[in-house]
Amino acid sequence: MIAVLKQGTTEEQLNKFTGWLKGFGLDVHISKGEFQTVIGLIGDTTKLDADLIGSLSMVETVRRVSDPFKSANRKFHPDDSIIDCSGVKVGGGNFAVISGPCSVESEAQLTGIAKAVKEAGSNMLRGGAFKPRTSPYDFQGLKAEGIELLLKAKKETGLPVVTEIMDAHHLPLFEEVDVIQVGARNMQNFELLKELGKTNKPILLKRGLSSTIKEWLMSAEYIMAGGNENVMLCERGIRTFDSQYTRNCLDLSAVPVLKELTHLPVVIDPSHATGSSKYVKSMALAAVAAGADGLMTEVHSDPLHALCDGAQSLTPEQFSDMMKSVNIIRNALREAL
Amino acid sequence: MIAVLKQGTTEEQLNKFTGWLKGFGLDVHISKGEFQTVIGLIGDTTKLDADLIGSLSMVETVRRVSDPFKSANRKFHPDDSIIDCSGVKVGGGNFAVISGPCSVESEAQLTGIAKAVKEAGSNMLRGGAFKPRTSPYDFQGLKAEGIELLLKAKKETGLPVVTEIMDAHHLPLFEEVDVIQVGARNMQNFELLKELGKTNKPILLKRGLSSTIKEWLMSAEYIMAGGNENVMLCERGIRTFDSQYTRNCLDLSAVPVLKELTHLPVVIDPSHATGSSKYVKSMALAAVAAGADGLMTEVHSDPLHALCDGAQSLTPEQFSDMMKSVNIIRNALREAL
Amino acid sequence: MIAVLKQGTTEEQLNKFTGWLKGFGLDVHISKGEFQTVIGLIGDTTKLDADLIGSLSMVETVRRVSDPFKSANRKFHPDDSIIDCSGVKVGGGNFAVISGPCSVESEAQLTGIAKAVKEAGSNMLRGGAFKPRTSPYDFQGLKAEGIELLLKAKKETGLPVVTEIMDAHHLPLFEEVDVIQVGARNMQNFELLKELGKTNKPILLKRGLSSTIKEWLMSAEYIMAGGNENVMLCERGIRTFDSQYTRNCLDLSAVPVLKELTHLPVVIDPSHATGSSKYVKSMALAAVAAGADGLMTEVHSDPLHALCDGAQSLTPEQFSDMMKSVNIIRNALREAL
Amino acid sequence: MIAVLKQGTTEEQLNKFTGWLKGFGLDVHISKGEFQTVIGLIGDTTKLDADLIGSLSMVETVRRVSDPFKSANRKFHPDDSIIDCSGVKVGGGNFAVISGPCSVESEAQLTGIAKAVKEAGSNMLRGGAFKPRTSPYDFQGLKAEGIELLLKAKKETGLPVVTEIMDAHHLPLFEEVDVIQVGARNMQNFELLKELGKTNKPILLKRGLSSTIKEWLMSAEYIMAGGNENVMLCERGIRTFDSQYTRNCLDLSAVPVLKELTHLPVVIDPSHATGSSKYVKSMALAAVAAGADGLMTEVHSDPLHALCDGAQSLTPEQFSDMMKSVNIIRNALREAL
């Protein structure tokens, strides 16, 4: 941590301040310039509150120099992490295609879609059993029954299943689930993250609607600090000032930024990002070209009757068409890089 | 719900669409104009997905006409709700002054601050026992021990206590807590909200960092739909493009907007909103003038050593000075309205 | 325009309101439902203030049904516009590669870069002569001299030149410039847009930092309403809550959205969007895959000594490498669509 | 400016870097720590591009230490500036009440409103002659004729007039105008700001819709750097993710922040901020309590027929009621501080 003191700071103030800092067990390096004094702090500064130091009247500015995330940091783990999702690998050149309906509705619905997406090239099946809805009056998911239907569809197709958890105390229901998803609204539900850190399940951690990349990595760190390093990051659109034509703004520059900062795989969800099936294909292709490690797409055989988020679901035909293009761009990218 | 169809919609398309709508048990009113056809839907439209309808190729635009929140809606409950917090009333002209440290640190710390804020005019005591921190390596609160210390300070001073819950399964620890706070990061932790709806405790529901006013009211609705109507709303600053000088942007226009939409009390937290003690007083006065029902302020006897958020805490002296001004403005406002 | 009246609106209120509306020369269609009355307005509603109508106590909601942009609207002009930039076509399958330094600095600098980018596949040359800088103390550009240097580089290489205008009264200096750029900060400088509408120069209209897509199209409309239909749109990143790792957030979903709404070409500027040369290539590839009609990239032979925005400039070698990949993805996309 | 170098930077790299920095005429202070090297730069660093330095592979972080604004900076001008608007003083305890219609429509309209607002306590008259409208098809103002009507109303009532400029080349028309307003959309129209810097007119500089406080002060600096120090700042709401109930979000914490950073007066416009007359009064009172130096409010005798922004205009009766309350809070605040 670096603190720059204002001109006119007295020797007495300086001594009091450095004494306080040394009380945290830190080494304090002082560099006096003509117009300012710079203080460098060496040691474990995580216990220091940078905002508090910045608010002191003698301090001009303060800045943390090191990243606050450790387990997720590529500096300490230069190679790409490869997450094993019950046999399907993600990251380090392995591409995830996670597809399925927003909500699990019935056995017929789910199995039908599962077969269709597998045929089109999907290697995992998604489907919501517990549904976080803005309104308490909206459909909240089939819950335990939904998970059972997912496991049936898995048996039928062999596709590992991905589904969202909303409360750590539902964990026993997720025993045979292959990948546990943390939704955008729970990205900073720290109690949930801590519990997931005690499991060894692959976790798909969605970015919060207005979470910074650093906060997102800190939430991954919550899971990893507990011992579970099987974390995949999923960008699903952020909230901006404009939501007239797309529900959110897909932040694709997060892909190269995350590739630099962390070794964890990055999956893109173009369905929630745009909220509109007509924009999903072009955003999927862009995600591939940006270097993403996977795609998560909503597919529904009858979007008009979907109980949830029908507007953003592709039909199986549209999905199959998208996958053909995705594969062409993936092959081209291999040549291009 | 109102849907406007595009020019050129055929009779057959119209019949198929209205047939599908009637399948939801709705009355369908059709009004054909020269250039467009307007469809009005009467009945329980909560099961309809407006985005899906808007995505149909024949639909120009679709719009919900009625508010999605019911229990919180002032239309159906014109009088201000008055929430009884163990004897301290909030709303309908009753003003809450909730003050105390960000985190409970020790008995001496908490009781000292509690006495000081009571003396200065506070009628409730706040203090964090469970702390949601962005980093897993930051201080996470004293937890159960923190709640015990709050209850001791309550016994000593008679002030009802307000403290944050992070997981519904901690509820047994909150039995003697007077007001349960839901933090900004948990505003859409729907499982938590549902459990709080089954209690009869007053709930202080903080606004999410980038939650719309409607989403915030829908979260209040989650609690109220469960049977607990004792909800107070707390604005604590929203996230914008500018965070150089203040941590968040205090949205004071939320006060008159909420006063129109809902009967629930509105409390303002100028400490988290600004993140800087030097701006707290002027924002507290502005909140009073805007018509808020209460203030929630961080006070710490030794901000320099506070384990959390010291930069935004007032000293007891600063708080006492603020309260004198708050009372002058409150009296003036009574005359002014 | 559709207005929905509240329950309990009296016949007298209704008559007064519809009388006022008819005063604007509009046809008024009234459709009374059990719970609400819907009013449809046919005719030229551009003179009506929708916000004002929405603020009337009897009005529940009001909504414009038709798009406010006309000349830019794909509905009335289904085919892609192809803009002729002194022989280089953009749009309708023709791809623009606009490259060069942020600022024109000297003849040697500019001509050197111009030759390098032409060799690598660029078909236009960019370079700033008038520079909009946040600070009055920053380098403001070589102005008239900069334009002369651009025209020299054009003569040398044959590349049409693109440069920014900041004041309509500089227009005489732009006589031989091939494409005039309007910068993000001037997107709503309506006086400037009107003057550009009187020319027949191709205009590259950058999106404002926090302008909605609709506002952007309305600014294009300002130019087109004056008679100049040679408008190209340039997305260059929008402002969000997170600017730690990228300067702005590149909104690539704007590409498919604009392709649906308008016939105008869409160019992407990954340099300003990310603010960092290391993220430019992956965002350029993503832009191509998303369906963009062109790329605008900053290239500098000596980024370390660039007078402006060196951090986001590619070296000619990096640019050449990027162009090879861009061409591979462009070819793949043709096959994929 | 402070730069922190990464661990592992070689002596050779360090020498090359410091050599380059010295080329800008700067003193370079090097402080080597165990884990990092800190470089302090003394001298005129305004020519350095901090982003470029931050992008160098050897640099961990870089930070400007001094504010980039000088003339507007309270550090160099501790006393409040008092701006003389043709006899009406603003700042340093002097309160501006600027009121009138959004657009000048006719002599009768303007003079009627002018008399009414003067009677209610307004000390300046506002009215738009040149109107920046999002759509080229909306009413663009009476232009020169509008300014004439303003000057007639000034003669009639004695109120100094405030009106917006959209192009520096209209300046001759503004010769008798008392205060020139720069609108939000032109806050970074640097050519306009430079021209205004050559006049000695008081300038009311509105904050851009998504401009940071620092950018706003830099725009003030553009005017002041030209020699015109008569600048007043006007906050009019910023753009956020939520615009359902208010058009913008009034950022009242800008008041105490600006009071700390600058000596310039701060005026609040609650009309444009909320976009709705029903929220104007409470926001006006909050602005007063926050410490603002003035209010700018839209008043129209017939909002239903206003040609522009009727939804946010107060009637003269509502304005008079608001002013009574404003005066009560102003008196209370004097006692409270």
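Think of it as A, B, C and D in the order they're written, each chain with its own count starting at 1.
By definition in this document, a contact is a pair of C-beta atoms (placed from the backbone, for glycine too) under 8 Å apart; a residue touches a chain by one contact, two chains touch by 3 or more.
Fair warning: this is a prediction, and the values are worked out from it, not measured in the lab.
S.K.: Compare the contact pairs of A-B with each of A-C, C-D or B-D and report the one sharing over half of them by residue number.
M.R.: From the options A-C, C-D or B-D, the copy of A-B is C-D.
S.K.: Based on mean C-alpha positions, I'd like to know which chain lies farthest from chain A.
M.R.: Centre of mass proxy via C-alpha means gives D as farthest from chain A.
S.K.: What whole-number Å value describes the gap between the mean CA coordinates of chain B and chain D?
M.R.: The answer is 31 Å.
S.K.: Measuring from the mean C-alpha position of chain B to the mean C-alpha position of chain C, what distance in angstrom results?
M.R.: Between these chains, centre-to-centre, one finds 38 Å.
S.K.: Among the residues of chain D, pick out those that touch two or more other chains and give their numbers.
M.R.: Correct list: 210, 239-241, 278.
S.K.: For chain D, which residues are in contact with chain C within the complex?
M.R.: By the definition above, chain D touches chain C via 20, 46-47, 49, 51-52, 54-56, 68, 132-139, 166-169, 185-186, 188-192, 194, 209-210, 215, 218, 221-222, 225-226, 239, 247, 275-278, 303-304, 306, 308-312.
S.K.: Can you list the residues on chain A that touch chain C in the complex?
M.R.: On the chain A side, the touching residues are 210, 212-214, 238, 240-242, 244-246, 249-253, 255-257, 260-261, 273-274, 278-279, 282-283, 285-291, 324-325, 328-329, 331-333, 335-337.
S.K.: Could you please specify the touching residues of chain B with respect to chain C in the complex?
M.R.: Residues 2, 4, 27, 29, 31, 33-36, 38, 40, 42, 60-61, 63, 65, 210, 239-241, 243.
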